[in-house]
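Each chain gets a letter, A, B and C, in the order it is written, and its residues are counted from 1.
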Amino acid sequence: MRIDEIVAQLGGQLLGTPDTQIRALAPLETAGPSDISFLANPKYRKQLDTTAAGAVIVGKGLTPPAGKSYVVCDAPYLYFARVAQLLHPEPQVKGGVDAAATVRSPIPASVRVEAGAHVAESVVLGEHVVVGAGSVIGAGSTIGAGTRLSANVTIYPDCVIGSDCRIHAGAVIGADGFGYAREQDGRWVKIPQTGRVVIGNDVEVGANTTIDRGAMDDTVIGDGVKLDNQIQIAHNVKIGAMTAIAGCVGIAGSTRIGARCMIGGQAGIIGHLEIADDVVVSAGTLVTKSIRKAGVYTANLPLQAHGDWVREFSHLRHLDAMAARIRELEKRLDKGEASS
Amino acid sequence: MRIDEIVAQLGGQLLGTPDTQIRALAPLETAGPSDISFLANPKYRKQLDTTAAGAVIVGKGLTPPAGKSYVVCDAPYLYFARVAQLLHPEPQVKGGVDAAATVRSPIPASVRVEAGAHVAESVVLGEHVVVGAGSVIGAGSTIGAGTRLSANVTIYPDCVIGSDCRIHAGAVIGADGFGYAREQDGRWVKIPQTGRVVIGNDVEVGANTTIDRGAMDDTVIGDGVKLDNQIQIAHNVKIGAMTAIAGCVGIAGSTRIGARCMIGGQAGIIGHLEIADDVVVSAGTLVTKSIRKAGVYTANLPLQAHGDWVREFSHLRHLDAMAARIRELEKRLDKGEASS
Amino acid sequence: MRIDEIVAQLGGQLLGTPDTQIRALAPLETAGPSDISFLANPKYRKQLDTTAAGAVIVGKGLTPPAGKSYVVCDAPYLYFARVAQLLHPEPQVKGGVDAAATVRSPIPASVRVEAGAHVAESVVLGEHVVVGAGSVIGAGSTIGAGTRLSANVTIYPDCVIGSDCRIHAGAVIGADGFGYAREQDGRWVKIPQTGRVVIGNDVEVGANTTIDRGAMDDTVIGDGVKLDNQIQIAHNVKIGAMTAIAGCVGIAGSTRIGARCMIGGQAGIIGHLEIADDVVVSAGTLVTKSIRKAGVYTANLPLQAHGDWVREFSHLRHLDAMAARIRELEKRLDKGEASS
């Protein structure tokens, strides 16, 4: 693709040779003359002097060194993402049911069902849905147009998934929430989980992520939410539109998360909390109370060499005594100063 | 169902109109006139004044407002669970092997094997077992009557699962434990994992939870244990009856956990520990030593706005110096007071 | 097997009766007269007086009690692992494609493809590869000789897996990395994940572990790496040879980990870091900065009874004030001493 064709489609200002041929995307360090790269952070500006990239996407207000082509735009990383989509469009898939699949509902001819997949009774699939090899869709579930399930995905009965979603391998949507009442002798009595999972449009669900069905209510994932791998979302959780959650996060039951939040990897959020819109939670942070205000929240520990950790953290069991000794020192000094 | 029919079956004292029709369960806030709800915590008693629920399950020693029906009982939440089971009985399933399943062992006619499932040689299945679509049961495994596997479950060879269990989608039971000896040059020599996984009766295993087989011994899960999603249980672990474990917990090898414990979400327990009966571990807590006594145990951090966290937690690397300064102050003050 | 046959094959010095019959391996506490056991730690030497084991593997420089057979060697645990492999060789598998599998590529006759498995187009499989029931191999992937996939494994298209690997059930290799650019209104624009996953030889991947494909570059797992269950490895991560990672670890994008590292369970490593060779990370530790030097690194909390935790950890929000009070005390005391 010629660089001027890219700019014609995506906008931005072209500096340099319009017929520069672009074959692939690459980071500045490894890019060659037929690659396009990007400079998202002006701090790394000096990489422009050494990169062999044929073209670089840069932000405004930067005078790049001569000798190569540039695309100047407002948001280089976003522009880069769009170029990447242009150069690597998602492959079209051909509709059709593999002879080794079992489909028990009427589905559009544009739907692709791969080998070993199983579509149960009363399932409704939109146009161009892809059901990957070995995936299972339970009775009564509905999946919107253009949504693609990778291999070995499980959708339990009576779930609703919007259009243009991507569900990665091993994801499980609609398993029972973890709800029991306790007998006096300790035995657990299961509470039937009669709600559904309802997922909006343009949602991505990572590999081996699990989203439980609601207890009486539904579990709801808003439009444009992005979930990484191995996330656990418990029953009755609600997640607002465009929130992004990194890998290995756990969200306990009935918690509500606002729109446009970003939750770092391995964070945890306990149950029955409210998280406002535009909240950022740092990696590894356990959220133990509601967050009412947008902002960044953190609870994790500084990494230490093991010996330092032993020395410093042995005091964590004695903070109260330490505070008491400070109070005592203050009292003694007050008394001494008063009497002198 | 009429409220008096419910009370006839489950006990408790009925106040109000015996022929109140109950169609569903709902929380107090959203319940309507044909819903039954419950008040588990007397603290929220004033919700009784505003709820539109047709009937409410309440504890003893509470005088509820007139105008609706009540069921008075000892344990409202437990009663509610039983009503839920009455109104939403688990659907009966029809026995039979789907034409798209492969079954290589003789099994009872009451067993249901769904499309794409695979039952290997020498497997023993009890009456009414359900093998969900795409699930795989390895050779020589035994599964007790009434146990149900959801879709895409994997049971490795030679495992034993009791009766009336529920195993959710993507769970993996009996994979090799993580056991190696190390060569001097760093290479790992695998130790064959020759034990089994032995699971009791009435156990629930959540979606994508993994339970490894033992090394020389077995991994053992007691009767009535409830495991949420994405839990990892390593080789040779023993878990006592009726213990409940929330999502994303990891338990390392050879640890023994007592009966009736409750382990909070994302907690971790390192290997070779002993946890007593009736221990409660808070969410996100890493258990690094044995717990000999029932009680609640915690190790997690207070959530903070990021700026506060930077300010407060920068001191965590200097606790030892802080303690030394306090000791020094005490000495100086002792000396000063002695000399004055 | 006779003990002298074992020593003939594996080396070491035999003390005692050469024709002692060994049938199984067992820990010292439970071993019987036809079991072989081992003493890895001389600290537990007195167990030799009470064990009923027929033979025990011991280290040099130890004078064991008479009356049973011993194998004396440099590294008892490693020797034990080799004996275990001798007594429990991995079962040979018979090649062949199950009638209920779908294979769309030419494969060697020695390859075994089990029921419900799916091998897509343009896949290259080495000799003796095993594709377990329900596993899916995407188009264009390559798997080296002797590698075995358990049940319900997913390999995405265009991945490369070396020889003699073991991939456990539910593992997902090659799902899209979590990469998006953000529009000003909060919408996420997906960055096509065009790299691959490249896995070396003799790698073990645990159940439900996920390894994402690279964004522009590849995700690379070195030879001899051992990964436990439920590990998440993000796009573009590189892991050096023979590194071992315990369960539930998460590694964020573009991080490079050296060779022969050991990462404890539930540890997390944030993105874009460099971890040197021979680094050990303790369980539950979040690594938030690069580690340039071999050694042990830790960041976790002491477990406490809940009441102690409340008392001690309430001070964590006031460390800065505590430090300020200590400084103030020092100033007052300096002033007092100066004036006296």
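Remarks
Everything below uses one rule, namely that a residue touches a chain if its C-beta (ideal position, glycine included) is under 8 Å from a C-beta of that chain, and two chains touch if they have at least 3 such contacts.
For reference, the UniProt names are A, B, C = UDP-3-O-acylglucosamine N-acyltransferase.
Computed from a predicted model, the values in this text were never measured in an experiment.
Where the sister copies chain A and chain B meet, the same residue numbers recur on both sides for under half of the interface positions.
When the CA atoms of chain A are superposed on chain C, the rotation angle comes to 120 degrees, reported as a multiple of 5.
Distance from the chain A centre to the chain B centre is 25 Å, each centre being the mean of its Cα atoms. Residue positions of chain C touching 2 or more other chains: 100, 116, 134, 152, 170, 208, 230, 248, 300-302, 304, 313, 316, 318, 322, 326, 329, 333, 336, 340.
On the side of chain C, the complex with chain A involves touching residues 100, 102, 116-118, 120, 134, 136, 138, 152, 154, 156, 170, 172, 175-176, 178, 180-184, 186-192, 194, 208, 210, 212, 216-217, 230, 232, 234, 248, 250, 252, 268, 270, 282, 285-289, 291, 295-302, 304, 308, 311-316, 318, 322, 325-326, 329, 332-333, 336, 340.
Taken together, the chain B residues at the contact with chain A in this complex read 24-27, 30, 75, 77-78, 80-82, 84-85, 87-88, 90, 98, 100, 114-116, 132-134, 150-152, 166, 168-170, 204, 206-208, 224, 226, 228-230, 241-242, 244, 246-248, 259-260, 265-266, 283-284, 300-306, 309-310, 313, 316-320, 322-323, 326, 329-330, 333, 336-337, 340.
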